[in-house]
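There are two complexes below, and they share chain A, which is joined by chain B in the first and by chain C in the second.
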Partner chain A sequence: MSATLKNVAVSEGHTDRVWSLSWSPSGSLLASCGGDKTIRLWKLKDDNSLECIHTCIDTHERTIRHVCWSPSGQYLAAASFDSTASVWKKVNNNGEIALEMLARLEGHENEVKSVSWDASGSLLATCSRDKSVWIWDMDEDEEFNCVAVLHGHSQDVKAVKWHPSKEILFSSSYDDTIKAWEDDEDDWYCSHTLTGHTSTVWDVSFNSDGSKMVSCSDDNNLIIWDTKVIGDGPKQVCTLSGYHTRTIFSVDWSEEGYIASAGADDSIHIFREDGPGDSSEDKKVSFSQTSVERKAHGGDVNCVTWRPAKREDGTILLASCGDDNLIKLWALEISSDVQIMVKFRFQKPPYMIMVTAIHMVEVLWLSNHC
Partner chain B sequence: MTFSGALKLTDLDDFITPSQACVKPEVIQKNQDKKARITFHPDGEVVEEEEDGNSKVLESAKITLNDCLACSGCVTSAETMLITAQSGAEFLSSLEKNKMEGNAKKIVVVSVSPQSRASLAAFYRMPIRQAYAKLITCLKSMGVDYVFDTSFSRDFALREAAAEFISRYRREYGEKDKELPMLASACPGWICLAEKSHGDFILPYISSTKSPQQIMGTIVKEYFAKQLDTTADRIYHVTVMPCYDKKLEASRDDFYNDVLSTRDVDCVLSSGEILDIIKGLGKPFSDYEESAIDSLFTNIRGEELFGVAGGSGGYIEYIFKRAARELFNKEVTEIQYQPSRNNDFKTLTLEVEGKKVLEFALAYGLRNIQNVVRKLKQNKDQNRYHFVEIMACPSGCINGGGQIRPQEGEDPKKLLKRVELLYNETMKKDPEDNEASEKLQRLWFDGVFTLDAKTKLHTQYHAREKMQTNALNIKW
Partner chain C sequence: MTRAHTQVNMTGSNLDNPNPVVFELAQLPKRTYDPSNLAEEMESQRDDIDPLEVFDMIRKINDPEHPLTLEQLKVTQYENIKVDDENSYVNVRFTPTIPHCSMATLIGLCIRVKLLRSLPSRFKVDIQITPGTHSQEEAVNKQLNDKERVAAALENNNLLSLVNNCISNSD
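And now, the complex of A and B:
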């Protein structure tokens, strides 16, 4: 199987490196932040280009490291090196979309590195170089209360990410581990520590149903973890090595099953789990690289993120940003030489299968034709 | 070893831990613009050779406890910083040295906190009174002259804090518009956090009343010294506390006597450290005789030890009762907390004619402290709470970071329960029923919250300036 990335847009605007990107859940807006201490909102236009529609300046005193939209798309959280996190509300002033600051979350001793909303949108996690992970609860009045201050990592915590459906928080750190945090009657505790990487773990991401997690590291490897049953702890099922030649900073798993990873080797790699037909008869999980973009950015690629919704024409979009101050959009083009295995049973009345691209099988009901 | 004692005790990770590394930059005065070569020798010596051939050995930078207090780099200090000045080894060597001093011998006083007593009693599985009596024998065998009880000085602290609260409630004390809520001041971890992270904004709200440890310091170094017809520097005063941050508190400049170059508390030992010392003596603790408990500066009536309810010193309950009585003429006989979002956040309310006239809160652990400070900063709930008993450790001082750790295989929560049960065995008595300490308060300070009391039993806080901690000034 192969699928390639085609660069469809390059957006300038940030005046320093771009650190992080987050698509709104509908995919209509992309938020970005960076070393220029700004948060920018970009509108995705029909021609797949990005138009900057709003810029927040003078809100953080230092670099803004990470941004994350809430599941409702109403709130954006941002993490800054000025030791605070901020929460913004999306407002619509006569058709002009803007962000208004709702709360500033203080408490970390130094640089806040990452923020993440849980699936319900009421819990927000933050993590910092101070080695701690904090969990905040947003109530109906949009008030924030700290519900946990979690110590456990022995070093800088690089990223936090909630499980897509369960109330379990994952954090990854400079101490080479990933920790899972769960609560017991309002008291949060570290339920599992995942070891496998041999250097800093920079980021984690889940597949759409949360049964698997991928992590990326300074050891140049990606590790796939089985997170179906958390009980005994996530199990390492597969390691992807030999692809990246330098630190992998960012990883994102698309709804369609594609893993994008990017890092200090300026490249973006795309992987996909091998189907049962591709792999040997034993049920080992394996992944293959479907595409690589070697010079994706003119410097470190800091973040890659899939657009959560397909375009009307079925195009899957990936956004990336880097030390070259740029944001780029990529379309995943699926080559036509692929074999498609479709198990389909015709029923009455007859259906027609229309294949637009791999793994996108649209079924149309036709009245009296064919 | 780090500050993770509390963390292990309750399985909560909610605790103020030391920062990654000390980042206080060394400031070196340079007079001339001369070039120099610096050579690092394998033996650790660093030599600077100037152009004109002069060379000198460079001194290594030392970080003292005071540097830690003045620095905003960490929220609290790493334990390693504390060890040199305030450790079991220092205590033992001071006692040994003192034995050799002959006529210049200092008087050695140890003041033991009731939480430490309970921790020790739980460890040795014996009643508090028995553990305390054996501890006294043990200490005296080492050359300690007097053993006092900080629940005695705590009664001074409670009376002063209650009077201060009433005065603030009447808008007669403190900074304008910042009288209320009054925030408790006995927890040095919280004070450290407040001074370093929230500075001038939060400090006016913090009760000026000294902690029980520091009031005991004043009693011992001023009044007891006078009684003994000696001076403060002739007394070596050690406290035994459930908390490591008490070492920081004792080291504050505010509690240092410049004239006599002595501190109100010379050395602070944690419950765990005193256990190590007992073990180090070799003799099984149960083999020690039970000494008679000295009635001086000790909450004891007849044979029974007594104190207030509350594992963190009982501030919220006593101030609540006292304020209800004095401000609203209501006798509160039963304390009824309202349930809240977690066990470490509880509230107490007094209603008069359907109106909430007193709203108190208890907020333990960093997450709850954070919420209290947050609300205050947002100017929301500004007038909601009148008093907040803030303690840095989850479950309060009884679960302090310096308490004896659970043994191999012991459930930390069960141990905490046992310590609490033992602690609560002590007879409950409010400070105004403590005739001995009330009498001394009248004698020494002319009463509660008088000019004398305000001078001797209250202190000040100082905002620590935020430093640019990024020494390498990396732009990222």
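And now, the complex of A and C:
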């Protein structure tokens, strides 16, 4: 199958680079943040455009680096270079949706880079340039207590991400590693250190059942990890090299199995795991690029994120943001009947090349000297 | 070791390299202008950038420690600038005056900020220490090319004013 991106909307509003995007779990709202120190809330309209319905200003003194919705869609967490994280509650005032600040999480020594909610929605992780990862517990009164301060990374921690179903936290760092953190009767410890990347690991993402993870790096590669056998630690199963030409800042794995990656080469790449019989005969896991958008933004692409739910008409949407201050929406156009190249046969003289495609007639090309 | 005159730099600590070698300015290739092409050049949509232009942007950046330009200290040299205009790419190598120079990151940051403000935004810029000229080469290079850390550094007012001081005479 081929799957290509079609740009369906461009949204202006931010006055500086946009760093991060997060869809609400229902896919009706998109939160964005960036160098202009604002958080913006966008409503997805029926025609796949975004309308800015709320802007939070004057809360963080410096860049807001990352935003993340809780699984319930009731809370939004934000990480800022001002060394704090904030938690916001979604409120509905006579039909007007807005965000009200619930808590400010202080403790990190310098820039907070990323925030992530666990599957239950009660634990929130934060990480910072101070090399530490903190885990916060939200109680029934919506108050936050720090339950763990995790040391282990030797450098700036770029991203934190909870496993989609298990209580395991993954963190990625400027020290080129990914660490897995688990608790043993409320004592959090580093259970695994994943090595493989040769430079900063910027982001990680999981497939829908959490059996695989993908990581992206300043080494321009994506690595796919098998996370099923957590006892022995996640194992590298595949490296996607030679696609991106500069740092990859963001990666997101959709429920439908598509991996989107984006970075400093202004491009967005889409990958998908090959099905049985697609290519490899030795049953090794392999991935293929299904499409690439080389000039996705007029500058670095900082974040890509799939809408968590298909639209009613089946459209799969991807949101991206970049150094050009823009947010873009893309529809994934999947078509099984335009893929060329299933079989390639060289005939005997007069040198015909035959190409067979799914749902298409055979195509015959004649070589130039017969 | 005692120094006859202990100089203090902007950051308040002793100088790394109190007596740097000051070089004669190198001869640069001359630009030739063909007046008959002038109209064509002015009409050209694309603002073509060449290494000489990039060198002009950074040659007069001041050293953080001395009242001298990076060109006078041979920290920046015309030969160490590569430009690929078609692919909107610039690569600048700079040479710290001594292998343990603690100012290397700050110098690199000054070059990055100057180019960020002077080059058209389509350009991707890599800044690196000339290979083999600094003990922390890899670490400094990694930091200078981490845009998140550069962005955070430039939100630090003390650091920003240091950078602005160094590049203030370079226009």
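Note that the second predicted complex is superposed on the first by the 336 of 370 C-alpha atoms of A that agree within 3 Å, B and C clash if a C-alpha of one lies under 4 Å from a C-alpha of the other, contacts with A are read in each partner's own complex, and residues count from 1 in each chain.
Here is the rule we use: a contact is a pair of C-beta atoms (placed from the backbone, for glycine too) under 8 Å apart; a residue touches a chain by one contact, two chains touch by 3 or more.
No experiment lies behind these values; they were computed from the predicted model shown.
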Chain B versus chain C as contact partner of A:Gly152, first or second or both or neither: first
Of chain B and chain C, the chain that contacts the larger number of chain A residues: B
Which of chain B and chain C A:Ala264 touches, first, second, both or neither: second
Chain B versus chain C as contact partner of A:Gly35, first or second or both or neither: both
Chain B versus chain C as contact partner of A:Thr63, first or second or both or neither: both
Contacts of A:Phe81 with chain B and chain C, given as first, second, both or neither: both
First (chain B), second (chain C), both or neither touched by A:Asp203: neither
Which superposed partner A:Asp130 touches (first chain B, second chain C, both, neither): first
Touched partner set for A:Asp187, first chain B, second chain C, both or neither: first
Touching partner for A:Phe144 - first (chain B), second (chain C), both, neither: first
Residues of chain A that lie at the interface with chain B and also at the interface with chain C: 35, 63, 81, 110, 129, 156
Chain A contact footprint on chain B (complex, rising order): 4, 7, 10-15, 17, 19-20, 74-75, 197, 341-343, 365-368, 370-371, 374, 377, 380, 469, 475-476
Residues on chain A engaged by chain C in the complex (per definition of touch): 17, 35, 62-63, 65, 81, 110-111, 113, 129, 156, 158, 174, 199-200, 218, 246, 264-265, 298-300
Complex contacts: residues of chain A adjacent to chain B: 35, 63, 81, 106-107, 109-110, 129-132, 134, 143-152, 155-156, 186-190
Touching residues on chain C, where the partner in the complex is chain A: 121-122, 124, 142, 145-149, 151-152, 155
